[in-house]
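Every chain is named by a letter (A, B, C and D) in the order it is written, and numbering of its residues begins at 1.
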Amino acid sequence: MKDTMYGIVKANPLPGADIVENLPIPAVGDRDILVNVKAAAICGTDMHIHGWTTWAQSRVPIPMVFGHEFAGDVVAVGSKVTEVKVGDRVAGETHIPCNHCYQCETDNRHICENMKIIGVHVPGAFAEYISFPVDCAFKIGDIDYKLGAVLEPMGVAVHGVDAADVKGKVVVINGCGPIGLMAVGAAKAWGAAKVIALDVVPGKLEVAKEMGADVTIDSMKTDAPKAVWEETGHGADVVIDYTGNLTAIKSGFKMIRKGGRYVLVGLPNGKLEIDPTEDIIYKEATVIGVTGRLMYKTWEQCLELLNSDKFNIKPAISGEYALRDFEKAFDAIKAGAAGKMLLIP
Amino acid sequence: MKDTMYGIVKANPLPGADIVENLPIPAVGDRDILVNVKAAAICGTDMHIHGWTTWAQSRVPIPMVFGHEFAGDVVAVGSKVTEVKVGDRVAGETHIPCNHCYQCETDNRHICENMKIIGVHVPGAFAEYISFPVDCAFKIGDIDYKLGAVLEPMGVAVHGVDAADVKGKVVVINGCGPIGLMAVGAAKAWGAAKVIALDVVPGKLEVAKEMGADVTIDSMKTDAPKAVWEETGHGADVVIDYTGNLTAIKSGFKMIRKGGRYVLVGLPNGKLEIDPTEDIIYKEATVIGVTGRLMYKTWEQCLELLNSDKFNIKPAISGEYALRDFEKAFDAIKAGAAGKMLLIP
Amino acid sequence: MKDTMYGIVKANPLPGADIVENLPIPAVGDRDILVNVKAAAICGTDMHIHGWTTWAQSRVPIPMVFGHEFAGDVVAVGSKVTEVKVGDRVAGETHIPCNHCYQCETDNRHICENMKIIGVHVPGAFAEYISFPVDCAFKIGDIDYKLGAVLEPMGVAVHGVDAADVKGKVVVINGCGPIGLMAVGAAKAWGAAKVIALDVVPGKLEVAKEMGADVTIDSMKTDAPKAVWEETGHGADVVIDYTGNLTAIKSGFKMIRKGGRYVLVGLPNGKLEIDPTEDIIYKEATVIGVTGRLMYKTWEQCLELLNSDKFNIKPAISGEYALRDFEKAFDAIKAGAAGKMLLIP
Amino acid sequence: MKDTMYGIVKANPLPGADIVENLPIPAVGDRDILVNVKAAAICGTDMHIHGWTTWAQSRVPIPMVFGHEFAGDVVAVGSKVTEVKVGDRVAGETHIPCNHCYQCETDNRHICENMKIIGVHVPGAFAEYISFPVDCAFKIGDIDYKLGAVLEPMGVAVHGVDAADVKGKVVVINGCGPIGLMAVGAAKAWGAAKVIALDVVPGKLEVAKEMGADVTIDSMKTDAPKAVWEETGHGADVVIDYTGNLTAIKSGFKMIRKGGRYVLVGLPNGKLEIDPTEDIIYKEATVIGVTGRLMYKTWEQCLELLNSDKFNIKPAISGEYALRDFEKAFDAIKAGAAGKMLLIP
């Protein structure tokens, strides 16, 4: 192991980030593990931090290495770690639970009341090494590190699809960014009758088809609720929103059939206006908020999908860059790339 | 049986209604039953019809007998009726399902896609006799007709509490009209840890205490979300809205803990502004629309509660008038009576 | 329409059955429909009736046309039928619910307390025409009559898989007769991680592979629980029994992991010896009895699967005979055919 | 804190146990806590250890302090403990999970594949002090230590009732030992329509009435399934077995209605003979194995019940002895005491 490492540091309260050499290898607490990062991926959150949006300004202490989707090899473990050992291949759960609040105590660690977030509140994974709590390590068996690095965002996709209960149902996936695209694949793998994918970018809809979408709708050019109604006769059984866009979320309420479900995953800014009587009550709709991933039921589900031939994640990964070339990857995302971008240290 | 009957007729497109004598006894179709009404109760819908609001104007054909909460004796059955017989004591389900749409076919008759409503679309129960489909008859055993007449609104209360899954939980009941009051009692009977009742009318909160509320909050005088938070430490496990008031519904989102449920029953007019990220997604809240009653699981639940000593409906019934004195009952409701008003033909 | 019809009649209390000509066309009650049978299929129950086993002797009134898996065209409807019309293509649900017992009233018509069975208690479908209650008609859209005829047994398969909740799970299907084979296909279509099919007939295991089984085990030659344990590491998530064989059912308990499910569908004769502490309690296993099909949620699920490309029923159908050649079909089943046998009037 | 302690030691492979003085205070590992035991209770497991049955002989290393139902004050914490602090009042979960097997990873720590049991595999609580993993500590707020000591067995009762989903249902509780008695109370508190308690000891049935049973049946003198059928008309909605007696468990299958649930909690020795077709499949019964308690959802439920006025545990506690007088308590249990016996160090 080297004495120092390099990493991407958010150093200044301005857009951008820097490769910094000779960073110290992070300290390993008694319940922490040190991982040599073999692959990382870029999240929308990282775009906020890189761009230094108001969201980032109010949360992220600088200077700090960011990044939180990653996989690698365990190279050291704290004195009280028993769950993993040096040499294990692991991916990292972003959410650090406190383990003793009401949510942690009743099997909802992923919505811990005192949650810390890797790469937001504490140093992250865009570096050669990361130290983090063993509670957040998930063993990835022998899958490729690059797939390991996307388990975390795939978990968001799969958690939403799991909550939607898609078997035999007509499922609308609204939003075909990386997470929506993985959701299209998961919905098909779990037996959806028909997946209708929506986006405003034609290129993303093309990738949605590769992921298995039966129908794609350009919601910029088409009245999407009307089109969904025509496809289904009586509305969609389930709508899952991965857009986080207020207009898109609002239109989703108009797509759901009586007794249907609406799963909200994408995070909008601002207020949404709904008509509770028509949108929820008379329909007996159920609206379900989903965030993060179940620790670790969802991870097990993701691993199973990746290891199966019923799910192909490839179209949802758009590119791969050396970690030192991270700016190219950020640029590609800004330019409208549909799938995930990987960074390889 | 008499040759004619009297009943309350909504005859003119103006506020008010009339007692009309010598109405024909309604015809009994092959799958209908004729019931001699022994007790009826007044619903909010009846207030709309009586007051001839825009809601009523767009739905109710006049002249027509209205009223849809009732119980009585079966005095005739159609040629194809096998389920009940003359002499049976029954109450009436308001919602007439078509029996062959997708919802009817998959055990959701209560949200039938082609639903007709007794006392709104077809003649109702504020009369000596009513004829209606046997599909809508529920045998009430030997309970009092007056309790039979409130099974239907009680079903709305109980359906909401059932969806909320209140066992061992801190439950906010928002709105202490007749249905909210019955919900307070049902939540206590089914093992809620604590029932917090909210209303803006102190007299209704007093009745809520009689129904078993552990805590009452006057949401006119108090910051209700703040008060709920103080009572609970981390928010209410469940909020059930029976107000149908937009401001009240909005405040309910602020009362729910992470992972909690919000059941919407009351029917608001107009648009609601919510913050999906904070109100639903980060919290992983589940918002559930509830309308009507399960046919007939909810009815069985209501009958069980009425027959038990763990539920006392009495405080939720505020008065009883002869059917011919219906105007007094309508006036009492307008004056702010908390509980149900009964009309006895 | 003809004046008379032919059909297969179980006439004598001996093995066998007869083609009888000039049978009267069945009468059509007010809530019945008359269907011109276009395709039928042979159930294990029909084998009992044909072979005149003790099971049949105690239930079936003779002489009677039997057979209960069928599809065809509606050619007449009773005076009180509104749900279907002449010309509709329908399949028949075997179970006739009473519509007013506790189970019927609470959305469990398929386990009606007063159930009558078509082709067992009342005349069946191995004939040119059948009259049966419209409650038991399911519209099959434009799928082939032959597929329509196997919807009923497929419903048994799918109901079991639905109860097992197979998504992402290792699923053991024990018994690869027609229903087990269809269950293999349904489990794969609904996202099972791995389907392990068990039987004692190698030819049936071959068909199981065609239906999508990932692993097949000849439980005559192999210690099946041990083999399942080796495949899984910690036991199967779910076992579904379609054998109805006591030894097979017993072995299934040894295959389930902690927290797993065991769905019992096949109907054994006689008593089963289990070790409740080891087989159920310490494991927190859930054992679920499944019979018939949900009316009509399961039927909708079957139709969806048949209309999709994720499920191929063909390998589970072994042959097709003219109805007049029924003895050949019965012989083929006795000779060990894996899949369904169709009879075409 | 003292330098040594006394405790009840199982020292010899013979019936009985001994008070031993001057035992060392147990060592406190980094993730352990040391608790000054204020109250303990005797479990059936302790009866096995005391009596040195074959069950105990195959599991318990001697010499060892036994006992595992307890509450007390935290007097020391390991260097890596953050969840509790000196001075906290806690009770102990008996089951020590490994935290990294499949069950632990997917929210089923209570059925951990590598579970250790306090007082069976590692030293227990019948002493002045006990050291155990902080993972097994549950903060009891300000309830009495004696109630804290019975939270663990109460958890078994409540976990069974939770799995049974008793709201509005007719519930048979089979077996009125301490856990069955607490289950009677919990079933009533959570809204059971009717609780029918069964036992063979009239005195225990008397206590069941005090806990809220609506009907009691002496299953020694009465044909219990027949009596349950008469009480219900169509069978019990739910049966929960706390007897662990094979004859009793077998009879339970005959009590359940179609679509009902059978929860097995009591641990029988030996084999049970059932008729799967009649007992489970045709009925669509669900049989659910329950062991231990959910960590810590069930504990939260118990605490809520103890803090409420809808549940009174007092009748289920039969006596209280000084820890040094433990033989008197063991004798009282052997003599047929219905409720829990407490031991106070």
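Observations on the model:
Assume a contact is a pair of C-beta atoms (placed from the backbone, for glycine too) under 8 Å apart; a residue touches a chain by one contact, two chains touch by 3 or more.
Owing to the predicted nature of the structure, the values given are computational and were not obtained by experimental measurement.
Looking at which positions face the partner, chain A and chain D present mostly the same ones, since more than half of the interface numbers are shared.
When the interfaces C-D and B-D are ranked by C-beta pairs in contact, the top one is C-D.
Chain D has its Cα centroid 42 Å from the Cα centroid of chain A. The mean-CA centres of chain B and chain D are about 42 angstrom from one another, to the nearest whole unit. In chain A, the residues touching two or more other chains are 102, 300. Listing the residues of chain D that touch chain A in their complex gives 30-31, 80, 82-83, 99-100, 102, 105-107, 294, 296-297, 300. Within the complex, the chain B residues that touch chain D are 167-168, 189-191, 193, 300-301, 304-305, 308, 310.
On the chain B side of its complex with chain A, the touching residues are 102-103, 108, 111, 113, 234, 246, 249, 257-259, 264-265, 267-277, 280-291.
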